[in-house]
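Supplied in structure tokens, the structure appears directly below.
Residue numbering begins at 1 within each chain, and the chains themselves are lettered A, B, C, D and E in the order written.
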Amino acid sequence: MSQIELTNVSVLFKAKNRTISAVNDVSLAIEAGEIYGIVGLSGAGKSTLVRTINGLQKPSTGLVKINGIDITSLTKQKLKQVRQKIGFIFQNFNLISNRTVGQNIAFALTAGGYPEKEQPAKINELLSLVGLADRVDNYPNQLSGGQKQRVGIARALANEPEILLCDEATSALDVATAEEIVNLLKDINKRLKITIVFITHQMEVAKKLFNRMAVMDNGVVVETGKTYEIFANPQSPMAKKLVNHVLAVAIPSEIKQQLALQATQGQILTLKYHGEDSLHPLITAIARETNVDISILQGHIEFIEARAIGILSIYITGETLAIKKAIAAFNSQVTTSAEVGE
Amino acid sequence: MTETLHILQENLGQALWETFEMVLVSSIIGIIFGTLIGLALYYYSNQLFTPRPVLNSIVGFIINATRSLPFLILMVVLIPFAKLIAGDPYTPMGGAVSLSVAAVPFFARIAQSAFAEVNQGVIEAGQATGAGFWLIFQDVLFPEALPALIRGIILTIISLIGYSAMVGTIGAGGVGNLAIQYGYNRYETGVLISVIVILVVIVQIIQWIGDRLANHYTRS
Amino acid sequence: HLNSKQATSQTTKTVTIGVAPGPYGDMAKKVIGPLLKKKGFTVKTKEFNDYIQPNKALSTGEIDANLFQHTAYLKTFSKANHLKLTAIAKTPTLGMGIYSKKITKLSALKNGATVSLANDPSNLARSLQLLAANKLIKLKAKINVAQASLADITSNPKHLKFKTLDAAQLPQSQSNVTIALIPGNYSWNANLDPSKALALENLSADYQEVFVVKTSAKNSKFAKAVKSVLNSQAFKDAIAKSKFKNFQKPDTWK
Amino acid sequence: MTETLHILQENLGQALWETFEMVLVSSIIGIIFGTLIGLALYYYSNQLFTPRPVLNSIVGFIINATRSLPFLILMVVLIPFAKLIAGDPYTPMGGAVSLSVAAVPFFARIAQSAFAEVNQGVIEAGQATGAGFWLIFQDVLFPEALPALIRGIILTIISLIGYSAMVGTIGAGGVGNLAIQYGYNRYETGVLISVIVILVVIVQIIQWIGDRLANHYTRS
Amino acid sequence: MSQIELTNVSVLFKAKNRTISAVNDVSLAIEAGEIYGIVGLSGAGKSTLVRTINGLQKPSTGLVKINGIDITSLTKQKLKQVRQKIGFIFQNFNLISNRTVGQNIAFALTAGGYPEKEQPAKINELLSLVGLADRVDNYPNQLSGGQKQRVGIARALANEPEILLCDEATSALDVATAEEIVNLLKDINKRLKITIVFITHQMEVAKKLFNRMAVMDNGVVVETGKTYEIFANPQSPMAKKLVNHVLAVAIPSEIKQQLALQATQGQILTLKYHGEDSLHPLITAIARETNVDISILQGHIEFIEARAIGILSIYITGETLAIKKAIAAFNSQVTTSAEVGE
């Protein structure tokens, strides 16, 4: 039994004489303790899907099970108990505007039955986590966008939930603060074994944080899998689209023009790195073997879950025959490689 | 002039006290029960909670029925009830009974409106924590609706001061009655003007306090 | 002499008399009160702004007596409401008058003129009767004093237009209508001079102001004291010296 | 029973029409001028516009002064004014004058409260486009405040129906007056009950329409 | 005269017995037609600063000039006219909740004096630009977070402003949609010569979009310059912090462990690419010269304003002496290179 199980969940919205199918027959199983990501274009249905997990959105059809219990048919009382174990970070923060930052968090603590006397200390601890300890007495309208989001994060963590649902929890944060939050979540996930479901459009965050992920397109989950696999071998057009944006495949036209002006004509090749490839002295080895020169044009190689992944665009110059040989050598050694243009 | 002063000296203190008594009691009752009923109307009609159209219609109907009666009729119809509650219906306490009965549905509608204006997302955030309704009420709905509630309370208190003149004329006393008995029925214009000035000052103070409180509790 | 001295030395009892705005409240306070005090009763007055509550309040015992109505009204009202109330004495009464700012005699009243009159049934009945007495209208043979309405008019040869208003509005309404029928207490409050009236009501015994107590209390010490005061020479003298001196005196005083 | 029917047959139609006239006229005037004054109170006190504390205090003072007078006194004080405006003060139109004078400040406070609840960010967004105040009012403030305004209008109309009984008794007619004259002064309980039933139905319908409209215009 | 000139602008906020200096003595000059970026951590004062440019926030001290006119001392009427030429995209959207998407845009059009009859066509055009033409009759609460943001963008563009102020205009958008918007803005900037001031915490967006940028830290502008320069040579600690997050400098410990297990021991070197370096067959040339083998571990090389920038971590194996030589060669050829400790 998975901790979160969605079975054929659909959500329909009626809007101005048409029906929007925000979530369309989605089935997912999320295991206890994992960090599960959901990505997709704006309007794909990510928020709607995650809202079904804690019952804020009733599915039009389908089942939502938490720890084996179908929450769509729970009594209000039971649903409350389930929710106390689920933290939710809202895309648009949803802070109580007439209550201070501290009171906003105290509310969640009280809801979770945290003893009143110990709340001030806990609030301070939570706000310190998100770097806002000195803002405890400020009202939300005295905070910047990112600060509000951080209060939302602190509130969601207040009751040490078993499941944390994050809807774009870092989208209003700069990279540095976002990384701190991501590390914080990773740490919490490891230490407390909580399950995290995380929506993001920040691929940087996705690759650093997720264990597994689902790709949504127009209400449908078009692909699920390990994060590394999806980044390395996206199958669906949507996954390819999102991943390619991170791996910056296209070569700017200015570069092509510059190359065209070079004395020696060559060939552009795009290498795709997977797994351990990066540890082999591939480029120098082939260059030496085939006697070509290789420049690195652009690329992105990094590690997802300690395995290399990336794309490298190289420019091979030398004798026409040598270039052919080199290309053949690359083709035989890296996962995929594609000749570009010419 | 001396006549006016004499009448005022003789009656004003007590009349003020009577008005104060009537308005205070009925405001408190109106605000407490009005808030509860307004909350019920909000609760039973809101998709985020448990919409109960039938129950909601019934509560709404009772409220409307009470509001339908012109106060002039209501207070007469309620004299036996006032007697039951307050012993003597022709006292400020007796007057407070019909004022309260009028204040409750009036404020219920104001409270309902104030709650209905609260952002749904914030309430959802409250529900997402697993908080029960009363906690959400206390820590989300109430603070978010507070400025509108305060403005509504002011509206109610000032309306009640006006209505208290009416129960005054059937025996409950108060400054409104003083103005009518002497100023209107007996052409003691001095008394009428004095009472009006006093009322203007009182209302001004109430409004001023209310505005300050409402602004103080508005943080968005 | 000795008697009265004894009485004042005894502890006095406070009684509440219900009155309507007008002269009778003052009469109760300024003339009857001092006289009753000598008999051991401290008089407080409670003012009512309508003609229903004073009787109801009397019947439920919230007040001890009232002084605001005439016999006719008392009879119909107590019958309709099953109240046991009794008139124990009459007081001087100011009757209703026809007043006008536009004409100086009733014969000058034109066809289609507007007439304002009270909208409460007791005053309305008297107004209609006053109009009938001055041959301006004809009425049904028997009209119910407590339920009179304009529907009781059978003939209106001058096609008068009637405007029923709150009695307190009648003095002020003179500027909007040709003639106004103003009950005594309101004309009195408005400082209208009865001698300037186009016509005055000739009060039958039924329409003279009465002092009323609960029937069960009609033989109480208080009732007896009231009776004796209201029929005393002292009272008559006091009235003669007061601003109520022009009021129509009870028949019994003759 | 037949008596009741007879009285109703004879008077009800006209009384209903009179009430309708009074309430309609005073509601319209109350809503239009109340909205404008409420807007002025909001405008002159809001940091986003031109705060003019002095002007604001003056407008607020006038509003409060009018609200200070119990309606019972107000309508009497206003009879000369009603005469000036409506010719005859003892007609529904005459009654509508004092009802309007009461409705304007009442609704002004409701409107002020409704505007004060509008999110400041949205107004800033309006200002950022370079829109003038009236455009912001029409396209931002007004739609955002509309649900609260509608609920306030209902509150006002129902209150005015109640007050109309009072002006009714001093000569303006209407169903409230019918109920009091026959039902209360002449012991025709049947008339009283009939009128109450009719009022309950009318108020119920108004409330129902208002609630539907308010919900229809609530999109947040 | 620059189009936007801020001179010693400071903004102070009073909050619960302390004063927050949100913007601290900032002076900036932004030229007509450029895309000027503002970056900084959450709470740095970016939003507050940009709000002073169209007068939504009065500076506590300092001057704000638009086309030479000090807007802090303008009459309301004049300020309105200035604002009609300035589009503003709000961080939190600020849409009129009780008006449809179409009406929200119509409002801006009317404010700018756009003829009513032609509005529907214009609205359709604007919504098509942001991919929401079919949502014209929806209310904001029927839209996803990113969709709301796109409506905000369409609204800001409605009056073809001379200046466009964007406060995190793409922060709620997925990478693909964000790129579309960025291209749209770039295109508008080129075609219509409008000036864009853009706050973002998305460094991806920054490097693609900005001509020049300012880095804010705690209310103070700590660095300004050409985007390429700041990415290539960040001077202030804050700029370094933000840039390094993009260029992923640190090598994961797992990789170091894997390398330690390799048969031939080598040396890790981090190369920093600038300018045209990428077009030279640097790696293969040095490898051949010094007879070492070179593997590419990770890195990120790309083009900002058609110039390469990036970091490449390489692993050099071979004879100790050869490695030394190779390192010397690299040091002499790339802008900077650093040996990464054993």
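Keep this in mind: a contact is a pair of C-beta atoms (placed from the backbone, for glycine too) under 8 Å apart; a residue touches a chain by one contact, two chains touch by 3 or more.
Here the structure is a predicted model, which is why all the values come from computation and not from measurement.
Chemist: Using the contact definition stated above, find the chains touching both chain A and chain C.
Modeler: B
Chemist: Which two chains meet at the most C-beta pairs?
Modeler: Ranked by C-beta contact count, first place goes to A-E.
Chemist: Where the CA atoms of chain D average out and where those of chain E average out, how many Å apart are those spots?
Modeler: Centres of chain D and chain E (C-alpha means) sit 54 Å apart.
Chemist: Can you work out the whole-Å distance between the CA centroids of chain B and chain E?
Modeler: For chain B versus chain E, the centre distance works out to 55 Å.
Chemist: Whole-Å distance, chain B centre to chain C centre, using C-alpha means?
Modeler: The separation of the two C-alpha centroids amounts to 37 Å.
Chemist: Touching at least two other chains at once: which residues of chain D meet that condition?
Modeler: Residues 119-120, 147, 169, 184, 218, 220.
Chemist: Where in chain A do residues touch at least two different other chains?
Modeler: Each of 92, 141 in chain A touches at least two other chains.
Chemist: Which residue numbers or ranges of chain C touch two or more of the other chains?
Modeler: As it turns out, chain C has residues touching two or more other chains at 168.
Chemist: Could you please write down every pair of chains that are in touch?
Modeler: So, checking each combination of chains, I get A-B, A-E, B-C, B-D, C-D, D-E as the touching pairs.
Chemist: Would you pull the chain B residues touching chain A in the complex into a rising list?
Modeler: Chain B reaches chain A through residues 50, 119, 121-122, 124-132, 135, 139-140, 143-144, 146-147, 217-220.
Chemist: Okay, in this complex, where on chain B does chain C touch?
Modeler: Residue list for chain B touching chain C: 79, 83, 88-90, 169-171, 177, 180-181, 184-187.
Chemist: Sort out for me which residues of chain A touch chain E in the complex.
Modeler: Listed in rising order, the residues of chain A that touch chain E are 13, 15-16, 20, 39-44, 46-48, 91-92, 137-138, 142-147, 149-150, 168, 171-179, 201-203, 241-242, 245-246, 248, 252, 254-255, 258-259, 262, 276, 278-285, 287-288, 292-303, 306, 308, 310, 312, 315, 317.
Chemist: Report the residues of chain D in contact with chain B in the complex, numbered from low to high.
Modeler: Against chain B, the touching part of chain D is residues 60-61, 64-65, 67-73, 76-77, 106, 109-110, 112-113, 116-117, 119-120, 147-148, 151-152, 154-155, 158-159, 161-166, 169, 176, 179-180, 183-184, 192, 196, 199-200, 202-204, 207, 211, 214, 218, 220.
Chemist: Touching residues of chain C toward chain D in the complex: what are they?
Modeler: My answer: residues 52, 80-81, 116, 119-121, 146-147, 149, 151, 163-166, 168-169, 172-173, 175-176.
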